[in-house]
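After the structure tokens below, expect a handful of questions from me.
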Amino acid sequence: MIESVLVANRGEIALRVIRGARELGIRTIAVFSDADRDSPHVVHADKAVLIGPAAASRSYLDIDKVLEAARTTGAVAVHPGYGFLAERADFARAVADAGLVFVGPTAETIRAMGDKTEARRRMADAGVPVVPGTASPLGSGSEAREVASEVGLPVVLKAAAGGGGKGMRVVRRLDEVAAAFDAAAREARAAFGDGSVYVERFLERPRHIEVQLFGDGFGNVVHLHERECSIQRRHQKLIEEAPSSLLGPEERRAVGEAAVRAARAVDYIGAGTVEFLYQDGEFFFLEMNTRLQVEHPVTEFVTGVDLVEWQFRVASGEAIPMRQSEIPLRGHAIECRITSESPFDGFLPATGTVRHLAIPGGPGVRWDGGIGVGSEIGLHYDPLLGKLITWAPDRESAIRRMKRALGELTIAGVSTCAPLLRRIVEEPDFLAGRLSTAYLTEHPELFDAGLDDASHTAAVAAAALLEHERRAAVPAPRMPHGAVRFSDWRAGTAPWFAPVADGNG
Amino acid sequence: MRAPRAVDGGTGSRYVVSVAGETHDVVVDVDGNVVIDGSAHEASLSGPGPARMRTLILDGKPRAVCAETRSGGFWEFEIDGDRVGAEVLDARAARVRALSGGAGSERGAASLKAPMPGLVVEIAVETGEIVEPGAAVVIVEAMKMENELRATAAARVERILVAPGEAVEKGQILVEFAEVERK
Amino acid sequence: MIESVLVANRGEIALRVIRGARELGIRTIAVFSDADRDSPHVVHADKAVLIGPAAASRSYLDIDKVLEAARTTGAVAVHPGYGFLAERADFARAVADAGLVFVGPTAETIRAMGDKTEARRRMADAGVPVVPGTASPLGSGSEAREVASEVGLPVVLKAAAGGGGKGMRVVRRLDEVAAAFDAAAREARAAFGDGSVYVERFLERPRHIEVQLFGDGFGNVVHLHERECSIQRRHQKLIEEAPSSLLGPEERRAVGEAAVRAARAVDYIGAGTVEFLYQDGEFFFLEMNTRLQVEHPVTEFVTGVDLVEWQFRVASGEAIPMRQSEIPLRGHAIECRITSESPFDGFLPATGTVRHLAIPGGPGVRWDGGIGVGSEIGLHYDPLLGKLITWAPDRESAIRRMKRALGELTIAGVSTCAPLLRRIVEEPDFLAGRLSTAYLTEHPELFDAGLDDASHTAAVAAAALLEHERRAAVPAPRMPHGAVRFSDWRAGTAPWFAPVADGNG
Amino acid sequence: MRAPRAVDGGTGSRYVVSVAGETHDVVVDVDGNVVIDGSAHEASLSGPGPARMRTLILDGKPRAVCAETRSGGFWEFEIDGDRVGAEVLDARAARVRALSGGAGSERGAASLKAPMPGLVVEIAVETGEIVEPGAAVVIVEAMKMENELRATAAARVERILVAPGEAVEKGQILVEFAEVERK
């Protein structure tokens, strides 16, 4: 087993990796920016190294600083988590060149799968079905327009270096293609330093099904069954589950085998995920993510496998400890992403200081968080505060457990998407497994703010009692007359900008 | 803990509470029970003090309340899993406001404020233009995502106060609007 | 399914039961004393009823008040949790007489098993081996002395109405029997309102193995495998696990079948536990607990069964949903009880206000707690603040995970036993599974307070920096010269009173 | 944030810190680094302020510190999972204490205080008696358990201040002892 690891990340995933390493007796080294000095991922590491200011480009994305931290602390391996440098082939290569173990696939695999257009080519060659579209990045908005008219509308523009919905635009009218191309390219350049954009036919109501893979470099490639991540907004996953309620045993085996074929085609080593879109009985390869996924805990719950442990074992030169037939699939797991976003204000990013934190507990509940009381939630990084995961013997029970757990979760001081999640886990289509990536746009009623009568009355009582108590505690202040009030402009229930949830990602 | 005496008689302290656009008369009696718009409710609010988790038990139903106050009777809290803003005036202040024209007087003017710090990427409107509900007004980049700020009502663009490339603070006014007369 | 339930308890077990009920859609009614107005078990219920002052005798132990609360709220069932009224036959009968469903066995079963001497008789009749001792309560200290000399020293004096180590005394010298009898009777009277005491031979180094049972009144009785709870102090369990590292498949089946035999002998309905002592290849019946156990989560982790759900199903007249052969046993689970006690001061009860709470997360970790930030920890109730439970595919991994999780747990403002637990999970005998109920007395080194050099240096630096910061923030106060200091009398590492951990309970 | 100037020269603030019976000279420099008994350590203490979780990074190793202070330089905190008490004097106060005889002067006298509130069940000693280490002195009931308070050193019982059946507060003196001369 490797002796030590530097975790080149922050937030919940850095803490997740540190937890896994600690359990294996691996010495852990955290890196942190000025903004993260008090983060849980720092305090739970054996060593912590300040690598720069809050801006990610000057800290978590700065390869030289990360490698310097590894050198000074004597780290023998580097775990990239997800995001930041996780899918940067040059980083994987720089880590290897520095004589360190990169916990992930080879730079060549990352490069091939990171270029979404090359990935499409290689998968098509390996006999894995892909969505119709361009085979290479487009040169301009007008070229994009041409291709779009060939492929047929609607189309989706995607960053070749992309992921997570960034640099992605769905277009339904030909005259909007050029402007959308410019916006997508701009966003892609800002997010990935690469403005390349390509076009695919846009599937209107697909389900997002992905398969967890593991390869070990000894010729073993196994899958750990599928996850379904159809509940998305702005191409970003919001709720994930395992297994998919869609698949029967036959389809499960078929899609698992297709994923293994895809992984073998690129000599895959470590943890990876092949994403598919499913529509009208057909699976299409979407992309391969050459890293741990945000939603890996649902797979851990239904298989009992610790995926981070497997990552460290494979990175240490061990073989995968299970055969395909030995990998269990037990019960059902659901994950809700808790982000610092205001769901009823079009998912506007929210900021604040965490003043109170109540984490759900009890049977079948897991919390993977990256915050503590006192954490400052700013705008420098991804808004993911934590993930709430539940397990139960069947999907219905897992959802009921999630509903119960969401009711216990309190993060005071910053708006989160939890109020929306609480509505989804009670919504009949979700309960029945009638899912697609268009789910949120097809359920605008979920975004109608407004308390029920009992809650409204309780809010009135609470406000009166709080103010009454405050006045009793301090000399009564003079009330400003006709002062600030909630603006008409923002009043009402319509969000500032409509949630665009019709993507693939 | 004693509250200020009620201003206009009665046996408790009187307040006017606005929540979600609705206004209610509330009386808090010496035991901490409340009368809302004439209906009596048994209530207790306990817990370790402000900025902490409090327990409200109203007519036997317990709820966690985690409240923050901004100055002058404005409260924001989570209740039953949703976030709520509330304004609490005492009875006298509410009367004064009503007499002076109160909340209604500002109707028609509105401004678009930056909902978060970020970078202005694009201004999608021009001065004098009438925007329709749903139209993009300004695009602000934050967290590496472009956020399209759209109009929720029809309005005329009065002034544009920022330019593309400009960094803006949360709450900064970006565009001012005038009301559009509807036929 | 029953429509509503009143939970006649407080703390973590009340919250556990409420969680289970909520997931089944059962309306929940909490009761609380003046001291518990802000407790998590109150706020997570649908209704909450104040039933009296802090003293348990005037609130949680007051049958009339509990039944009155059930009546006014329209509860159709009552769940007693553990402790308080859970094993009071008169309570079970009063609940039934009020036309309510008691979530537990019949009053007759509770009475028979609650009288430890009658339980011994009935088990002996059913062919279950019992520890040599008296068949009925003793009349006086001198009678106790007589019996002790017959059975052979050492002996243990036990409250007939007892449980949880209360009213229990181990005696090794004949001339100490009479005084110990008086003390045990006094404690038993205070704790259970019944001063009856009986005598058993004391096993010096037994292992505590217990079997989880379920009966449904349709003739089905199953066991959910065993737990081992050998790590105890003052007859109170501190660490529990499932399965026992001692048993092979054959022994597991044998002890499970013995437990089922015991349950059938009393027509058992609901969740129950048969406790055995194991020494030198032999099992002896110790007692039967006619309720949910504190340590039930380890069984839930290895079987995937929600025991509270099963309790509600059986109480609603459903049959047990699994056959014996279908009950899984997967991996290994460990539970650490987190109590408000100072382990290095002889487990003195500690009080305080919870100022900060950091709950461990990540894979395979469960927290069942009854406290939140702001909770006042007083002396009115049991010192159990919460339970930390971990699961992993094998015992070694589960312990490593527990070590990691204990490292993440922070409860600031009140002393807990966590520092001792952190030492135990690294101690070689514990790691090797060399356990007995004498474990803690045989490992006095675990109680040697004292930081290692690095921690000592960190403590010095922290104290200097904290004081430095405090002085910078406020005008420097004049230091009192020659003022209060840590008393010589209490200095040193020896605890105020030695931990007495040599019990059975 | 500036600390009081160092009393006896040097480039930082000087303190005498007692932890677990050991005393150390500590200098805190303007950057918040520390010198402990002449050895320099890189240090940073960050976090949201007192009564909250703080992060101490000492020579690159991070630790959570959750500290409480009682008045006058006494700190109690959890570090690496153990609870620690510490006393911090500035250099001048430490010198004055040393000159006046300081900590040593009270040796020999001791008292048994109630470690928690409870009910005295039994007094196991008599005035004038010499108790041996490990001997029971008082039995106090709390949380329905009897707690035997035992001697950890030999001592002569000087005064007994409580009686069986009496309710006692935490910290209340139960028995006073005098030192026993050892041959």
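To keep things simple, chains are lettered A, B, C and D as they appear, and every chain counts its residues starting from 1.
The rule is short, and it goes like this: contacts are C-beta pairs under 8 Å (C-beta built on N, C-alpha and C of every residue); 3 or more make two chains touch, one makes a residue touch a chain.
Since we're looking at a predicted model, the values are computed, not measured.
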_Under the document's definition of touching, what chains do subunit C and subunit D have as common neighbours?_
A
*Could you let me know which interface, A-B or B-C, is made of more C-beta pairs in contact?*
A-B
*List the centre-to-centre spacing of subunit A and subunit D in whole Å, with centres computed as mean CA coordinates.*
49
_Using Cα averages as centroids, what's the distance between subunit A and subunit B in whole Å?_
32
*asked:* As a quick test, compute the distance in whole Å between the mean CA positions of subunit B and subunit D.
replied: 50
*Residues of subunit C whose C-beta touches two or more other chains*: 44, 356, 358, 372-373, 407
*Residues of subunit D touching 2+ other chains?*
52-54, 61, 63-64
*Just spell out which pairs of chains touch, all of them.*
A-B, A-C, A-D, B-C, C-D
*Inside the complex, what are the residues of subunit A that reach subunit C?*
15-16, 19-20, 22-25, 44, 297, 300, 304, 306, 308, 330-331, 356, 358-359, 361-369, 372-373, 392-393, 397, 400-401, 403-404, 407-408
*In the complex with subunit D, residue positions of subunit C that touch it*: 166, 183, 186-187, 190-191, 234, 345-346, 348-351, 355-356, 358, 379-383, 406-407, 410, 412-413, 415, 418-419, 422, 449-452, 454-473, 476-477, 479-492, 494-498
*subunit C contact footprint on subunit B (complex, rising order)*: 44, 46-49, 52-55, 57, 60-64
*Name, in rising order, each residue of subunit A that touches subunit D in their complex.*
30, 37-38, 42-49, 73, 353, 372-374
_subunit C contact footprint on subunit D (complex, rising order)_ = 1-4, 13, 15, 17, 19-22, 24, 26, 28, 32, 34, 36, 41, 43, 45, 50-54, 56, 58, 61, 63-69, 71-75, 77-90, 93, 96-97, 100-103, 105-107, 110-112, 115-118, 121, 133-134, 136, 141-150, 152-153, 155, 170, 177
